[in-house]
Amino acid sequence: METARLETFSDGVIAIAITLLVLELPIPDVGEDGFWHAFLHLWPSLIAYTISFLTIGVMWINHHTIFVHIARTDRIFMLLNTLLLMSIAFVPYPTKVMAAFLEEGESARDAVILYGIALTGCAICFNLLWNYARRWGHLLREDADPVEVEGITRSYLPGVPLYLSTVVVAIINPLAAFILHAVIVVFYALSSTFWAPGWAKSEL
Amino acid sequence: METARLETFSDGVIAIAITLLVLELPIPDVGEDGFWHAFLHLWPSLIAYTISFLTIGVMWINHHTIFVHIARTDRIFMLLNTLLLMSIAFVPYPTKVMAAFLEEGESARDAVILYGIALTGCAICFNLLWNYARRWGHLLREDADPVEVEGITRSYLPGVPLYLSTVVVAIINPLAAFILHAVIVVFYALSSTFWAPGWAKSEL
Amino acid sequence: METARLETFSDGVIAIAITLLVLELPIPDVGEDGFWHAFLHLWPSLIAYTISFLTIGVMWINHHTIFVHIARTDRIFMLLNTLLLMSIAFVPYPTKVMAAFLEEGESARDAVILYGIALTGCAICFNLLWNYARRWGHLLREDADPVEVEGITRSYLPGVPLYLSTVVVAIINPLAAFILHAVIVVFYALSSTFWAPGWAKSEL
Amino acid sequence: METARLETFSDGVIAIAITLLVLELPIPDVGEDGFWHAFLHLWPSLIAYTISFLTIGVMWINHHTIFVHIARTDRIFMLLNTLLLMSIAFVPYPTKVMAAFLEEGESARDAVILYGIALTGCAICFNLLWNYARRWGHLLREDADPVEVEGITRSYLPGVPLYLSTVVVAIINPLAAFILHAVIVVFYALSSTFWAPGWAKSEL
């Protein structure tokens, strides 16, 4: 109840960021080879759209998972939440840039690095928000299950090194880093679905 | 209550997708024949806007109908709901493409096929979400009326073959498939209004 | 409670439509006469933005006013509400077109006519939704104050002829019709503020 | 409860305005100097995005703070809230203009002035809304803490002169005014976090 309006506002921002992604998909530039050739030529945009949609979707589930355990807010928590929302709302931009440059030689490398940095920023903000709530702010519900709380903390730890690793891979091979982003989000979506700790499983 | 934030987030995504459609309507390119000639020349955009708005509107009603009968969620359900939202949030793109190519000869055929495939994807996601909730997930409310549940299941079945049939028609005649999309959505809107099973009628 | 999710969805669509208006404001095309000259040259866009923002704002208040008196929904009501939302979500388009053509001679007339027709469509949908709820659908709350219900019915009646009159004025003088739109929305905003019937006053 | 739908609608508009900011970030125009040179060349857009995101974020917190103390609404309050939402929803436009002209000599000055005027407008609307609710409308909760109410009133007072001062600074040096905007929002974010009066602290 106390966190209700903060959740509503966050849901709004995340829902808009995820839906705005579609605006960046370009119209196929049909030439002599026909529509489908031009459409499939947009594969960087289409796959980047899918990766970012699923990534933001998993972020929303994570955001939800945090708030299930939050009983109170304070202003530092609200500031950290605003920073988190800024990092999520920014994602459509590196998505668009990555899609635009993925077939542009050297710029491809840099555009995938930018995307990796942006997602690293999101992962940092998630860790800050959760650890502040858990340790410094004492904002958790008194009846929060310690096993679940520990599970969330552990599941957030690999995010930052994982996304930093995509930056390293991108330096060597941007396309491999692009594929790695797809692998990470599928892994996250499946892991949070099938063997994650947390609120949803406990509701079964 | 348990599904409240999932509904809020889904409402947000669907509301944004349906409202973003208007951004794709182009300014009339007024020439010698005057404003109204140029405006009416935009008929593919205007009619595609109307079809997609009503289609997403009917999808929102369907989404609502599902959640009326849901008592619990689990993570597979949330993953399927995310896929459904991705398929709905994608609709503005094939709408824009179909409108852009409807008078472009051979590409018209392919653009209408793309639109049909996109809506087939939505129909598949609806069937997956509903049947998972109903059969595998056991997520329905204990007091859900079996007649209504059966009615929803039955009303979702024709969606996939119906939208696939527009793909077949588009191969023969894209304009006919375009009109078929208009007929389908009017039929869906009226049928869900006047002789549908489900929650709304039971409230009368 | 029964109408909660319908209100949330409607709020979302109206909030998005009103906020998307800002995307259509063009960057000033600064030439020799400097920034402010170019900025003020955008007056059709700036004033059209203000008129449409206030118009949609008043529509949101009207939508709210209707739902305060609604106890139940049925599917015809939901269909009419979808049509109303479609007419409101469409408003950014004629706003953009009117702003683009207001200084374009003969097209100015036609663009202002288009805007007037679009708002007439909104007014028709409001009357349909309210009168269906009130008379045919029997959806009102049993304790709805008849004086307020009557007041709403009466206050919706002039909308259609008023907006149709802007179409007639636009044929004679588009700029006068543009000013008339501004006058109408200021009148509506003030009248709903200072001498309207309805829910808000009764809460004082 | 009485203010619930007004808050939902306001949350929606503010969430959309804050998220739309990302659409205005341009794709880097990569030339001979490579991707990062082109990307860093976008610093006016990137910093303007950050300033406006944080500014609207602080405005949302302020809006929330007001509504925590509101027990009732009336139509004058709703009209003032609509004007406030219009001023907030407008912010993406001067943001885009300021970013576009920040390196354009004399126009830079004027674009930063426009941004300062827009934020001054927001500050005026906040003062109008709050003081109406507090003094003329008698809309506060009976149990509102007078110390907090007084604290909010005092914390809103400097907004208008502060933003007007950026206009004066911009006349002398637009870049200095741009930096001043960044300083103001960081100060606001930190002050509302660490030594603000109001609802959040009282919840600890």
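So that you can tell them apart, the chains are marked A, B, C and D in the order they are listed, and the count of residues begins at 1 in each.
Heads up, the rule we're going with is that a contact is a pair of C-beta atoms (placed from the backbone, for glycine too) under 8 Å apart; a residue touches a chain by one contact, two chains touch by 3 or more.
Computed from a predicted structure; not experimentally measured.
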Self-contact between copies subunit A and subunit B, residue sets same or different by half: different
Longest centre-to-centre distance from subunit D, chain (CA-based): B
Whole-Å gap between the CA centroids of subunit A and subunit C: 37
Computed distance of Cα centres, subunit D from subunit A, in Å: 26
Subunit B: positions in contact with at least two other chains: 8, 12, 16, 20, 23
Pairs of chains, among all present, that meet the touch criterion: A-B, A-D, B-C, C-D
Subunit D residues touching subunit A - in the complex, by the definition given at the top: 7-8, 11-12, 14-16, 18-23, 25, 27-28, 30, 34-36, 39, 49-50, 53-54, 57, 60-61, 64, 67, 189-190, 192-194, 196, 200-201, 203-204
For the subunit D and subunit C complex, residues of the former touching the latter: 2, 5-6, 8-9, 12-13, 16-17, 20, 23, 72-76, 78-79, 82, 85-86, 89-90, 92-93, 96-97, 100-101, 104, 106-107, 110-111, 114
